[in-house]
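Shared chain: subunit A. Partners: subunit B in the first complex, subunit C in the second.
Now for the complex of A and B:
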């Protein structure tokens, strides 16, 4: 007589435990990322209200002080508090990042929808324009655009927006091409819907998660670009606290052994970038039904 | 009459339809039987002006179709309605069932009152109409698709394996609704299926079943209803 061993339950329990642990880890990292972004967001809104700082003011008596209780992030070579300036810098960088991301996603979204929905010669022409933009180094093109304006936050926004729309355009076009072949679009065409109606009723609602994700990922990239332009002296005016300007200034102190004026602004770029990446990954998993069921979110 | 003449369709090098022709007179049901993968759905898409063939032309009530998809005039596109095989793929997953039925009426700026009448005729309760596709069964969704197809009172209706995934009672109900519409509106119906028994029953009264591949020149046209 054979003996039957029931192994289903322990296996299922182990699988459930594994999923439970993974789910808890995902939730923890999402909470941490969201909490970090909320904290930084509050800091950039509240700190300038409660601790207004004249960004042109220097205090050479307190120059290059290491981190202490009075100055948790130390002071720079002009005696300015690195923590306060980093928060001010993050405010400028976030503004530049958010607006530049919105501009680039808006341009890319329109180009992608037009190319994908109309197809044919319009699609081919627009995609060659995208190829043309992609063939140029973004930073070089950005420098060229910034050089046409006086250094300002808007010049940086225009520079980043005009050089980074191609990624969004490609994402949107490929999604529209995929949607175009679906039977429900055929049904809409057969039902007398014009191109604009199909774009408005079917394409745009389906594209919103993709555009949102593209914009979310573009924010840290735009901040990096702003930082690079400011580091090269082409971004924001030198007196204005931006993370790029601070790192640029901090490199001089680095040779004298003062690491804090450049490391802390660097962390202010790195931490929100990682937080956004975690949230973007989570959002991608949630909007993809297959991944959502796999992760049991 | 809905006519297709010498239709040839290629996917890459593969020729899916080769000189196929068919005629669907108004007021009759024409059955088209053929094995899976022979090109029945492709012919249905060509007849509904949704796919441009490599060769051949479609004539709707004496008017040759000047183009395909958006290049076809709206009046011609809406004269032929297509009910798809898989209702899940044929509806926007973001729409409620009510929106699915109303969409062609809204797109053509017609009153949406007809949507409620059609929903009632097809057995869709007000509760179902507020649900989205993933919240209803295939049968309920296909009922909404049939209601959508009938919303603009098309002169021709193409049912492409419409009942394949449905239970017998839903099949019977949908076929009865379509036959009632045909009788009332004098519309031509092209019923496409691999199930010859179903087609024989469906077309038994007022039509005839064509075997694949249909040829407009060789196959006798079904007699028009009186």
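Now for the complex of A and C:
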């Protein structure tokens, strides 16, 4: 097959070789992304168990040290090790992110199943609610909720859950709509199954992989949201090492030229988010047959 | 249907949706405030709460109408809103309308400039990346775009401050004017604007670059592009006049859908650069539990989003003659 490039030069000979390299590059980036996530996951679980020093250890004698062998990411203005604190911060942010993602997928799942299974006026009403929520700036809504209920981990989780469920609701609803027409559902109804039984025995099990994927994709969003709220001073309590709190703390020393206390915690947000995005993209390419056939051309 | 007719129908349809939306949003705000464990009077008085007599506290409560039932408070607020009275800000100790009025212009200035910059950069870079698909420039550009999509805006802002203000010393780190100056001059504001505008545009344009790139790549494969090339049109004409132009349609709708993100970005950027705009006040209002100001800001953001969507859809109707004939789906 000849692939014509946009400049008009045929590239028949190079076509298959380029495709091979592209596939190898994809495989390499997927492996890299998965490896990074596993490494970070291990660090978050193992490091707090074996760390030689406490992340909260204040040592004003070694305050604001640039990155060195003893402190690979440097120390902050209180003399705390930035690497160690970032790992603790990621742990806190990840925990909040996971719970918040679970909450939002649970809300979205219920709304989506109800809308898809009942249909009609209920469906239309619920979808308008989804539209309404989507047309609000999520951070502002989060700020409002946190302001009304004192900054805390739970306020952050609730505010993320209440703003991020719409994506899951859309996914679940469209999946239920496509399930509704399947022959085995007709058969179940013919066999006398009621609406609740169909939802419980047929819809929910079929939806679980989709919910899992939606929850996984939601975690980086939830972490982002938590970080933004914490950065604004409206998230987790300031003594807790969360990534947003750390970037906020680092803001002060930044003007004195110390970039490491705020730059490194940011990388701890950026890298896992990118890794999840790479894996999600790969998953989408694999499960979308149209894209695959285009790749094969 | 005529163009004016189609637009009128669109506006009417949207207004029918927006009034219930605003009612629900504002009612939900009041319900949340009611459920809040905070006592707004205590929050307002701060340390003075210890030395304030209960009678005076009751007096403040009555002044704010907090002693009346929720539904009555809400209806009073709605009534005042219709007459243009947004209440008194509890953290600025001034009317909310005044606080918003004097700050809205600064926010519009920064976000407006950022939108223009983001559109220009996004369209040009996205088209070039699509045209040179697979080249090192394309890979670099998409790499940066993916990274900036994953990076928090405020973090990018801090890095920009570190590079351009702290290390290079080229641009001020924040604020509207220099610390010592008493007057606001155009040159000074322009210099202080560069970083916030650039950071906001940079963080918002990543999706745009990726989206334009993807659509132009798709459009370049279409028959009409091959046809245009076959007729011997210049490459630039094919790219801008045919491929980009047809790739832009879905982008108009998406642009409207991105307004909430823009508001979020504006809140964070204004906080990082201590820009005296209206978005940054949301944080101050939240920290002080300043309900009247927060309510007005939420309302303002919702209206901005709805208006943005309306403009995007109107642009779609103007750009695509099919919607005029068949109606907006």
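Here, the second predicted complex is superposed on the first by the 245 of 297 C-alpha atoms of A that agree within 3 Å, B and C clash if a C-alpha of one lies under 4 Å from a C-alpha of the other, contacts with A are read in each partner's own complex, and residues count from 1 in each chain.
One rule holds in what follows: a contact is a pair of C-beta atoms (placed from the backbone, for glycine too) under 8 Å apart; a residue touches a chain by one contact, two chains touch by 3 or more.
Quantities reported herein were computed from a predicted structural model and do not represent experimental measurements.
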Partner chain(s) touched by A:205 [first = subunit B, second = subunit C, both, neither]: first
More subunit A residues in contact - subunit B or subunit C: C
Touching partner for A:197 - first (subunit B), second (subunit C), both, neither: first
Touched partner set for A:216, first subunit B, second subunit C, both or neither: neither
Touching partner for A:132 - first (subunit B), second (subunit C), both, neither: second
Subunit B versus subunit C as contact partner of A:152, first or second or both or neither: neither
First, second, both or neither for A:182, with subunit B first and subunit C second: first
Partner chain in contact with A:224 - subunit B first, subunit C second, else both or neither: second
Overlapping contact positions on subunit A, where the subunit C interface meets the subunit B interface: none
Subunit B contact footprint on subunit A (complex, rising order): 182-184, 186-195, 197, 201-202, 205-206
Interfacial residue positions of subunit C with respect to subunit A in the complex: 17, 21, 24-25, 29, 32-33, 35-38, 130-131, 133, 146-147, 149-152, 154-155, 158-159, 161-162, 165-167, 173, 220, 229, 257, 260-261, 263-264, 267-268, 271-272, 282-283, 285-287, 289, 294, 297-298, 301-302, 305-306, 309
Residue ranges of subunit B touching subunit A (in the complex, touch as defined): 45, 48-50, 69-70, 74, 77-78, 80-82, 84, 86, 89-92, 94, 103-104, 107-108, 145, 148, 151-152
Residues on subunit A engaged by subunit C in the complex (per definition of touch): 5-6, 8, 128, 132, 134-141, 143-150, 220, 224, 227-228, 231-234, 247, 250-251, 254-255, 257, 259, 262-263, 266, 269-270, 273-274, 277
